[in-house]
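Dropping the structure in here first, questions after.
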Amino acid sequence: MPTDEIVLDFQRSERIGFDEAIFCQGKTTDQLNAILDQAKAKSAPLLLTRLTPLQLEGLTASHRASIDYEPVSRTGILGPLRPATPARVAIVAAGTSDAHVFREVERSARYYGHETHGFYDVGVAGLWRLLNRVEDLKRFPVLVVVAGMDAALPTVVGGLFGSVIIGVPTSNGYGVAEGGHTALHSMLASCAQGVTVMNIDNGYGAACAAIRVLNAIDRARA
Amino acid sequence: MPTDEIVLDFQRSERIGFDEAIFCQGKTTDQLNAILDQAKAKSAPLLLTRLTPLQLEGLTASHRASIDYEPVSRTGILGPLRPATPARVAIVAAGTSDAHVFREVERSARYYGHETHGFYDVGVAGLWRLLNRVEDLKRFPVLVVVAGMDAALPTVVGGLFGSVIIGVPTSNGYGVAEGGHTALHSMLASCAQGVTVMNIDNGYGAACAAIRVLNAIDRARA
Amino acid sequence: MPTDEIVLDFQRSERIGFDEAIFCQGKTTDQLNAILDQAKAKSAPLLLTRLTPLQLEGLTASHRASIDYEPVSRTGILGPLRPATPARVAIVAAGTSDAHVFREVERSARYYGHETHGFYDVGVAGLWRLLNRVEDLKRFPVLVVVAGMDAALPTVVGGLFGSVIIGVPTSNGYGVAEGGHTALHSMLASCAQGVTVMNIDNGYGAACAAIRVLNAIDRARA
Amino acid sequence: MPTDEIVLDFQRSERIGFDEAIFCQGKTTDQLNAILDQAKAKSAPLLLTRLTPLQLEGLTASHRASIDYEPVSRTGILGPLRPATPARVAIVAAGTSDAHVFREVERSARYYGHETHGFYDVGVAGLWRLLNRVEDLKRFPVLVVVAGMDAALPTVVGGLFGSVIIGVPTSNGYGVAEGGHTALHSMLASCAQGVTVMNIDNGYGAACAAIRVLNAIDRARA
Amino acid sequence: MPTDEIVLDFQRSERIGFDEAIFCQGKTTDQLNAILDQAKAKSAPLLLTRLTPLQLEGLTASHRASIDYEPVSRTGILGPLRPATPARVAIVAAGTSDAHVFREVERSARYYGHETHGFYDVGVAGLWRLLNRVEDLKRFPVLVVVAGMDAALPTVVGGLFGSVIIGVPTSNGYGVAEGGHTALHSMLASCAQGVTVMNIDNGYGAACAAIRVLNAIDRARA
Amino acid sequence: MPTDEIVLDFQRSERIGFDEAIFCQGKTTDQLNAILDQAKAKSAPLLLTRLTPLQLEGLTASHRASIDYEPVSRTGILGPLRPATPARVAIVAAGTSDAHVFREVERSARYYGHETHGFYDVGVAGLWRLLNRVEDLKRFPVLVVVAGMDAALPTVVGGLFGSVIIGVPTSNGYGVAEGGHTALHSMLASCAQGVTVMNIDNGYGAACAAIRVLNAIDRARA
Amino acid sequence: MPTDEIVLDFQRSERIGFDEAIFCQGKTTDQLNAILDQAKAKSAPLLLTRLTPLQLEGLTASHRASIDYEPVSRTGILGPLRPATPARVAIVAAGTSDAHVFREVERSARYYGHETHGFYDVGVAGLWRLLNRVEDLKRFPVLVVVAGMDAALPTVVGGLFGSVIIGVPTSNGYGVAEGGHTALHSMLASCAQGVTVMNIDNGYGAACAAIRVLNAIDRARA
Amino acid sequence: MPTDEIVLDFQRSERIGFDEAIFCQGKTTDQLNAILDQAKAKSAPLLLTRLTPLQLEGLTASHRASIDYEPVSRTGILGPLRPATPARVAIVAAGTSDAHVFREVERSARYYGHETHGFYDVGVAGLWRLLNRVEDLKRFPVLVVVAGMDAALPTVVGGLFGSVIIGVPTSNGYGVAEGGHTALHSMLASCAQGVTVMNIDNGYGAACAAIRVLNAIDRARA
């Protein structure tokens, strides 16, 4: 496969305020190596999502060495991290089983220069864990709510807070919850007003959606 | 259609403690009239579920007169009501849009001799409405939880109470919630332990399930 | 049905900055009349969504007279409109077939005190119609993108603008597009980063999500 | 991942009469080790469900040694078993292919202090196997019915007995039965009155539902 | 629409032993009148299935008069009935709600010259109703089993009898059973060996399948 | 609704060789009247698809009079028809039940200046009807194959002819065939090589796809 | 797991003319060994379906030696084969990709004492391969038609022959055909009259259905 | 398995202008070796699709040596390539993740004697990449558009070009896009007129569809 097949959209950042991340699922290691060659040639930083350990191993030693890899989220970051703003995004999750997703939110937001703050294990079957944190949570203009199974959490959160709420359903489950469609549908049908929803397991997209909000805030203040 | 096509299971009551209700959906008025003839001939009371106003009109004047019809639940009751026990079943619902279902639970339970107590409009997007009623709800050994859309209610209820919990998803909704499958799946995937679930809109079945529990309690006390 | 079944959440506004709208689908006219009685007793304004002409007719003459009804969106507004802020939300739609949805966004946002600006008939099969409006669209911090069928529009819009993007899939279509699930899935799987999604036909929710963003902007500026 | 991500709900037992079980699917061994550390620090017993042999191997030697693991149900129990009450719950199954589920019911009930009695291989294609056991089965106030494929068993059982009936569909099957959705739907649509249903393969939940009934009986007798 | 659009397959009978029936759903009355003209011109008898009362009214007076119409099954028969053989096909049904289907089996079989015998209201939730008829049912080489909802009947029947078993799922139901897919899947996944299945509500096809068996028997005897 | 909401793409014809048709489903009569006003103002011809009799009635008398309406296909044509080329597209259909679709192919192709030739009632259950027409069919460079239910026709046609084959599944059917998804999937999975497929009931799209081929032929010859 | 969990239905043969086969999917090797012990203790022959090579390896050496295993169909037969009748069942298949299914039909029929005759690679995209075999195929009272992907074969076969036709959809395919649901639905919606259908990949069931027909023929001749 | 099970359709080429390709999924290596023996005996070239590396290894050394294998598309070609015509088919793809599909289009077209030209990485989220290539793309009478996820590309392409457009959805994706059904439905519901669609991942079929168009062009010019 000739490397000229790969045309990265390096202008995207100017247009929309983000550079392009590389979605690695389905890509061969030859393609990934070519992408990394291009990025290095331009001294461009790069976020790689859904990069499996097997794909990582297939990279050239030099590329492998220059990537900061986090295995739970399966994200890789090339290049030095830009300085980060203090956390204006809280990540709220029902349990540690969804770590692959909230880690992807964290890492993606950090790559684009934003710290996040995590509130984990606040599932609504033990409501007090969430109610105890209400004052802490109120400070954040954006709440990313990560939940699988029945995904009751965004509805409770959406009824308690006036913040921007971005739901991310997760695929971890079994029976009717397998694959995350129940969590997705539950979030879309939420009785709380104005809860927005991302694709299943799309932690990267949730981070981008949060940053679109932060950028709108910053532009309004400018 | 000859009336000998219809063979009611009058012995069911002895076997399982319930007599048979008549599910009217899909039945012709000829069939319904024949069923009512049989019941009257045996002086048997009868519960008719999913009896549409159109079907009601198609009955003989005599049958129509002897039925107590409730239009929201579309239930009809033939024969004098047996005396009722005080309410040991609470019906908990997220909103008045689901009245066709919680009325069916009420009417069915009443037909079999059990009062119920209703807690309506306690949806979790306004959590305080439910939290205000915790002490009241604790008194009931059985909670029938009726919810549509995202059906977050049974999870919150299941995490607050140790009672028997019977979830009934409702079909009222739109988009991904249309038809009630999202509510059904959400209840089945509930993060609260031991929440049991009925078919969508099956208020009659929920009443029967509740009565099976009450009968188990009564037999244990005997 | 006793009116004490209906417990409106009048405190919601203090908690999250919105008062509660009434979702009319599945409600009887008795229930709607009781809700309007309560609201008038408290001099509370009220937004009614999915109010069919048939339900409207069933209201008392006095209630009917006090409601401003818009038939395409099927929304009714009780009470004087609060003053509105200039439009910071643009509604972008692929065609006039989706008017029931973008009118619901408009009306809901206006009820909560926000003007909107509409860009209709900018479907991507005739790309120039959208490209001609790029400069106009850039001014809006929030874009609500309404699209049915294949819903290619949010991806193109998401790649052109750095604004907050809220997609609303619509149910108008046929074959695989019937009911709006194709449009919904297409938006969730959008290749543009950070596009958020609402339930099918949920114009009301999109307006609320947009307002959550505007409130975040306003709080940050305060 | 810092261990303060994990906040177990140790008060749940006081609230609803159960402590929290750990659903291991999707958890890393680091997370599981941290959970076990917490439990041991509090001398709390713990039930682990869906614990794979691979996860078990990944635990510290000390944790692995202190867990009683049963491979068919994939359950692990930490801490001494509390004394058990005699069996008031019967588990009824159509065949040995569903052993992973009925073993999970057994183990979960036993963890919470309840013996169960198993009736296996009573599928309705060989009806006599069930009819021969009618008198034995009548003694149990709660019947957990485990069935896959067409799941005809709960309907036959529900028509024969007045007990509380909790159906658990199983995922073992092929073609239209693959994944257990046919069994699930068949149970939800059961023609027998008042059959309640759990998520596919949710033996743990069925045990909890059964115990909610036993607790209701015990509270009523108290 | 020119009548030469319609080319009936009058030779089918010689090829496979059946003439062609006319599936009326989706046909205009012009098309139906043209088909009846053709059939009368050839003095060919004709079976019309899924003929709605509205379509019947749209036929010419002469065609309407020459058709024997049965409203429950929505079948029309043109031409004199051929003499019928004694019943070798039993129709077994769980309840009168499925009359539209078992009447279609009866009428179609009769059109092709075969009597049938009906056993209705033998649902498995009241097992004795079926067990009482075992000796009667054993006499029939072919059993057509009509069932909706959970469709447990074919499994019980298939385990009791060695006959040819043809299951017909019905669409009458609600919630997960709406449209008949649960009944269809339940029959396909039947634990009884060698149960064959037709499309939902396809009573006509079941009659044809039964006749294919009777013809095989008759050819073997010849 | 202001008429400036409607922006027709009159340049499309220059770009891709087609002008835009108006998909009427979901449009109000106000919107349709405004569209017709615009077209007349530009003396542009117009094809209206999925125009219901009710919508037609709602048009102004003047618009209604200037439209040539065909009720089976629900198409309306405004303006004089351009001269037509002889038929190079054959429409092949399994039966008259699918007339609403093959009439839409005919009308749409004719609107764009192309005659078609219809071969109806050539379903594969009576194979001779198709085999008799093989020589006739060979003459056409494009075959549009319209089929519902099991849609076996495109596979047989695709194995017999080397022409361009465009399959259009139809929604007319019942049980598993209801809505046309079985026909759609069957065509997509066709064992014949290179069969292309349109959305369910999309006769208009099939005509456009056929014309794209004819235009490619004509451009190559030019 | 105690061996008394396993209760084989050895009387089934007397009741319906078949003994019970063992469906091995989901069974542990302990369970399979116990089943084989029981069968040997009664000198009963046994058919094992869906027996994987891994399960086979897990059997005791003695059991493994006494089983005749065929790897394509994954069937094992214990005990001497009974003498076989000449082939009255033809197996018709579209291609060699479905060998796992038609081998299961062959092996199951042979186990129960019936030879079969195979016609493979007669897919309808190359129609002449089937048309060349018409006379050969006419001799068989029962045709088992095995097909995947679009499953057009049963419709063509059903239109050519008056025999009993049993369709078996296969799971081998990709895209919309993955898992066999398209083939299943296509067979159920077949335009040919009286085609009966089995679950996906259920070659064993098809053999049983065929034998039910052969037994009906034999009983009629007796 | 006897080799006479395999009957290749060597006459197909005369009939429709293509020879038969071998779909290897689900075939055993014995079957593949037999097919290659037959092809060599006739000196026939052969295209093998979906040939896994594992299957390749299982071939005889002689067969393996005579096959030109390409691992990304998993295609094998036996025999010398025929001379190729210059590219009249462009392959347009949204990204390198779909290489398995566009390589299959390339290889299949080349096997049948047609060069193709690839335009990769022209996804619509970075619209300029496509707009820059408009003049290049206009030269091709046939555009094969390969896209996964939301598949917005065919709609944009279909609105820009009057060429024949053949969409191929790809299965690479996650959440709602997993398996390619979202991309498939999006293409079928495309707002651009006359976009035709293939099964998910069916690059081979797209090549055949393109060649049917090229052959129609060539026949018209002859």
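Letters are used for the chains, namely A, B, C, D, E, F, G and H, taken in the order the chains are written, and counting of residues starts over at 1 for each.
Note that in this section a residue touches a chain if its C-beta (ideal position, glycine included) is under 8 Å from a C-beta of that chain, and two chains touch if they have at least 3 such contacts.
It should be emphasised that the depicted structure is a prediction, and the values quoted were computed from it without experimental measurement.
Colleague: If you apply the touch rule, which chains end up adjacent to both chain D and chain F?
Modeller: Of all the chains present, those in contact with both chain D and chain F are E, G.
Colleague: Could you tell me the least number of steps, going only between chains that touch, from chain D to chain H?
Modeller: 2
Colleague: Hop across touching chains from chain B and tell me the fewest hops that reach chain E.
Modeller: Step count on the best path from chain B to chain E: 1.
Colleague: Taking CA centroids for every chain, report which one is farthest away from chain A.
Modeller: E
Colleague: By how many degrees does chain B turn when fitted onto chain C using C-alpha atoms, rounded in steps of 5?
Modeller: 90
Colleague: With residue numbering as the guide, point to the option in B-C, F-H or C-H that repeats B-E in over half of the contact pairs.
Modeller: Repeat interface, by the over-half criterion: B-C.
Colleague: Find the chain most remote from chain G, comparing centres computed as mean CA coordinates.
Modeller: Farthest from chain G by mean C-alpha position: C.
Colleague: What whole-number Å value describes the gap between the mean CA coordinates of chain F and chain G?
Modeller: One centre to the other, that is 43 Å.
Colleague: Roughly how many whole angstrom separate the Cα centroids of chain E and chain F?
Modeller: 35
Colleague: In angstrom, rounded to a whole number, how far apart do the mean CA points of chain A and chain C lie?
Modeller: So the centre of chain A lies 27 Å away from the centre of chain C.
Colleague: Please output the residue numbers of chain H that touch at least 2 other chains, ranges allowed.
Modeller: Residues 12, 125-126, 158-160, 173, 175-177, 181, 184, 188-189, 193, 199-200, 202.
Colleague: Touching pairs of chains, all of them, please.
Modeller: A-B, A-C, A-D, A-H, B-C, B-D, B-E, C-F, C-H, D-E, D-G, E-F, E-G, F-G, F-H, G-H
Colleague: Which residues, counting only chain G, touch chain H once they are in their complex?
Modeller: Of all residues in chain G, those touching chain H are 72, 95-100, 118, 120-122, 125-126, 128-129, 172-178.
Colleague: Enumerate the contact residues on chain A facing chain H in the complex.
Modeller: By the definition above, chain A touches chain H via 1, 5-9, 11-12, 20, 23, 25-28, 31, 50, 169, 171, 179-181, 184, 199-202.
Colleague: Residues of chain H touching chain C in their complex?
Modeller: Going by the criterion above, the answer is residues 94, 123-127, 149-152, 155-156, 158-160, 173, 175-177, 181-193.
Colleague: Mind listing the chain C positions that touch chain A in their complex?
Modeller: 12, 15-18, 21, 141-142, 158-166, 184, 188-189, 193-200, 202, 204-213, 215-217, 219-221
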